[in-house]
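Below, chain A partners chain B and then partners chain C, in two separate complexes.
Then we have the complex of A and B:
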């Protein structure tokens, strides 16, 4: 049986993130949580493997008690086991500390795992660092931004789009893959699945102590980044007046803005201009 | 007393909301205008247990509690009330009486198909001369060998145009030779089961509401639900449950309308500022939000009492009466906030406004709900 671990994260479900402008931190208390979209695709990628072959899926998240929600959601979609790492000591962990803690959990809870999947990046911080760093911690081969993966025996074949080139890579398991947003449209959880996720499935809750993580080890392996300032980039608007005869004005307008308009509507308007 | 939603209810709401916004929001206006029953979306809903919300797992259902079930109906109706209606009628008044009154072989035959949504259910009490007065049913079922032969006409049957199984109330002779009503599980493939044209209604237009005609329709005697003469008992118990569903639906419509109005009030500029900054609009929004919150608490309390196994008829009627009244008021205010645009089909509130109205009529009019509530209150012993 293939043992798959999927690391997921709860992120705020809002279009405009409410920031506390004074402290520069996210007002998480105002936002409802949801599973990070790329993480959800990673869960879907694991489920598609499980659809085809005998596999067991463990989902792991680190966060406050409410992060249990995303584990339950993954269980409802079809994952088998959930692990929540929850400890005030780990609050505010950066990607470096997070990958260290996740590695400790995987070593302890799923030492024989064959495949580790992560979302390529999160919608709240977009660093895309945790997956690759976790692979380093675990000393396993890794591929990031993967849009498709196939597994046959112990060989993993992944396809990804990098710098406008589509490349295919092969790795031996155990390996780590981060899933991009291109494919793996996540399935809806059924209500029977949601009910089962609460009634029949258990979630293991681990604190730092249970993982053997001490204040001293966090000192050495803890967060190294400090957020100095957070600001909202404001869009700047300016009015441009084009004067003169209509035919000339339209021509001038297109000369100036043709490329911008094409970029916005997603297709070239050049040919129309010429005819 | 716990007022915050538990994690399960929160996830069920998110899940139904995500589905409704992804699958139904893009088509809700069109299927309303064209009167289209969205079979493709219904097919997706089958897989996700929308048609077996409270059916036990052994029959392939989701075994949800009543608050969860109400939340699902609420969220679907928040986006598309006509599909919410299909779901709540199927679960609330077609599946529920089978769960509660069917014998084992009937359950084994019908529940798995109903729960999987392979079979869509309907509930048929209303006739030209019988609605609120459930005792005046004129459809007859006459015993002939091992069959009952049904004759009569049912009107305003929700899901009527697409149902595969309908629970039909008909007059039967009782042992004391008095005419009493009984309920039959009737399959649409039985000979003599005919559907009328789809009704051209004010709201809920994507739901195929139609008449059903029975012309010498033979129904096997094993399809009698409960005992002969149980019609009134099954009818009243089913309507109690159905009222929770309609209340949930009305609440969902109100919620959808309020959200649309709040969004519009923040965007719409008049006198060089958003209309949301006008006190009158703020008062409307405050009234809408307060009434919706009160309606929701009343509804969930009825669900809670039902799940505790206690009689919930009075609470279901209160929830239905209040939620439907709130739906009409809130959709009216939401339309008012939208001004002229609200009266146009270009905006969703126009549809919400039409859809809300019938929640005060079907599954027992508001007048009937008041009768049920008053009877319950007046029959309580004096303190």
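Then we have the complex of A and C:
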């Protein structure tokens, strides 16, 4: 049987972000969570393997207690087992620390895993670093931004498009792959699946202590970077402001910039009334 | 006692040299940073037949080149490059390593940082340095229009990947000279665990949003999918393309192909229309070179409005309908 681990993350739902109008910052505390879209595709990639062969899928996430939701969602889609790592000590981990913790979980919960899948990047921070760093922690071969994967025996074959090069790569399991947004449109969870996931299934919740992670080990293998401050991006231009009713504003705009626009689009939009 | 020579390294990512000059841009920035801390700028080039890159990096400002040229390095190999860079950095202890945020760089850099047991910031849009040599890395953050100042205070080297197009390259000067160290391939280079089965340059698409001269972008402020679809008509009238923000793509109003921004396309139109877009950095990071920006938003305080050459305070969908109507009257071929 093939043992697959999928590392997933809960991110704020981007199309309904609660913004603090005064500071222009995201109110993370009010944001509704969802499974990061690329992570969901990684779950789908695992499920497509399981559709074809005997496989067991463990989904792992690190986050606050509410992050359990995305594990339940993955279970509803068809994953077998969920593990939540939840500890105040791990709050604010950078990718260096996160990949260390995920590796400790995998070594403890799925020491014999054959394939590790991650989303290529998350929609909130977009560093795309956790997958590659996890591969280093586990000392396994890896490929990022994978569009398609096939597994035959112990050999993993992946296809990807990176920097305008189309690559087909092969490696032996255990291996790690990060899944891009290009393919693996995620399936919907069935009603029965949802019911099973939320009513019948248990999720293992581990804290740092259970993983043998101490303040000392975090000092040695935890975050390397510090966020000194966050600030709003400086606006750059801000020249002309046009206000008023839409029809008038359009007229004012076109009259003012008709030459410029005409030159760019190669057609005249210069008003017949104007000279 | 002689003080150790400080050094800022730039990794030579030359695979798309003629389309992507990020290595030259980083050498240029490294020259600025090096001035502050009296460091040398060192470009590392590994591969086969790399004389051209050695010459180019020298001409664009590098003081020193570390070069490993060997037939076994003919195609890009993350694992081989990792082993070579880990050894070089381990022997020479650079203060800073800068890597272009290409697909390759963004896979390679995090693994190198892990091997060197140091921090890494991703896709920086700015770099600064203190007189003590602390690299201040400006990276997009918090899922919105925020930038974070990130430092690696306790570990060295300090590492960052940097978004292509962030800095300007120094014009070439083929009279310049650099110390070129040609280093042998280590005898015990391990076999890469990743085998390349096929490797070919993808066919270049003809017309793409990346090279469109007019782009009509829409965001959440368009209200719904039906309103959003009317952007197609304006784009047709102007001979342009439609772009979209991430919330809109996730809502299914537009295809992923149309996504403009950090996770999507980087555009450089002569005219950009921005309808109902607040201006989150995930989107605006893709607009680095937009020439003339016209923003339409109900909220005159929106970031996008402040970035615009012309800001029209109006309901985006309402203004779009009026603009289409008026253009249809005016356009003469």
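The rule we apply is simple: the second predicted complex is superposed on the first by the 217 of 275 C-alpha atoms of A that agree within 3 Å, B and C clash if a C-alpha of one lies under 4 Å from a C-alpha of the other, contacts with A are read in each partner's own complex, and residues count from 1 in each chain.
Keep this in mind: a contact is a pair of C-beta atoms (placed from the backbone, for glycine too) under 8 Å apart; a residue touches a chain by one contact, two chains touch by 3 or more.
Keep in mind it's a predicted model, so treat the numbers as computed, not measured.
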{"item": "First, second, both or neither for A:110, with chain B first and chain C second", "value": "neither"}
{"item": "First (chain B), second (chain C), both or neither touched by A:194", "value": "first"}
{"item": "First, second, both or neither for A:73, with chain B first and chain C second", "value": "first"}
{"item": "Chain B versus chain C as contact partner of A:36, first or second or both or neither", "value": "neither"}
{"item": "Partner chain(s) touched by A:10 [first = chain B, second = chain C, both, neither]", "value": "neither"}
{"item": "A:231 touches, of chain B and chain C: first, second, both or neither?", "value": "second"}
{"item": "Broader residue contact with chain A after superposition on the shared chain, chain B or chain C", "value": "C"}
{"item": "Partner chain(s) touched by A:169 [first = chain B, second = chain C, both, neither]", "value": "second"}
{"item": "Contact footprint of chain A on chain B as seen in their complex", "value": "7-8, 10-12, 14-15, 18-19, 44, 47-50, 52-53, 57, 61-64, 68, 72"}
{"item": "Complex interface listing, chain C residues touching chain A", "value": "15-16, 19-20, 76, 79, 102-104, 106-111, 113-115, 117-123, 136, 140-155, 193-202, 204, 213-214, 220, 238-240, 246-248, 250-251, 256, 262-263, 270-271, 281-282, 284, 292-294, 300, 303, 305-315, 318-319, 321-323, 326-327, 330-333"}
{"item": "Residues of chain A that touch chain C when the two form their complex", "value": "11-12, 14-15, 17, 19, 24-26, 28, 37, 94-96, 99, 121, 123-130, 132-133, 135-137, 141-145, 157, 161-172, 181-182, 223-233, 235-244, 246-247, 249-251, 253-254, 256-258, 260-261, 264-272"}
{"item": "Chain A residues within the chain B interface of the complex", "value": "32, 34, 68-69, 72-73, 76, 188-192, 194-195, 197-198"}
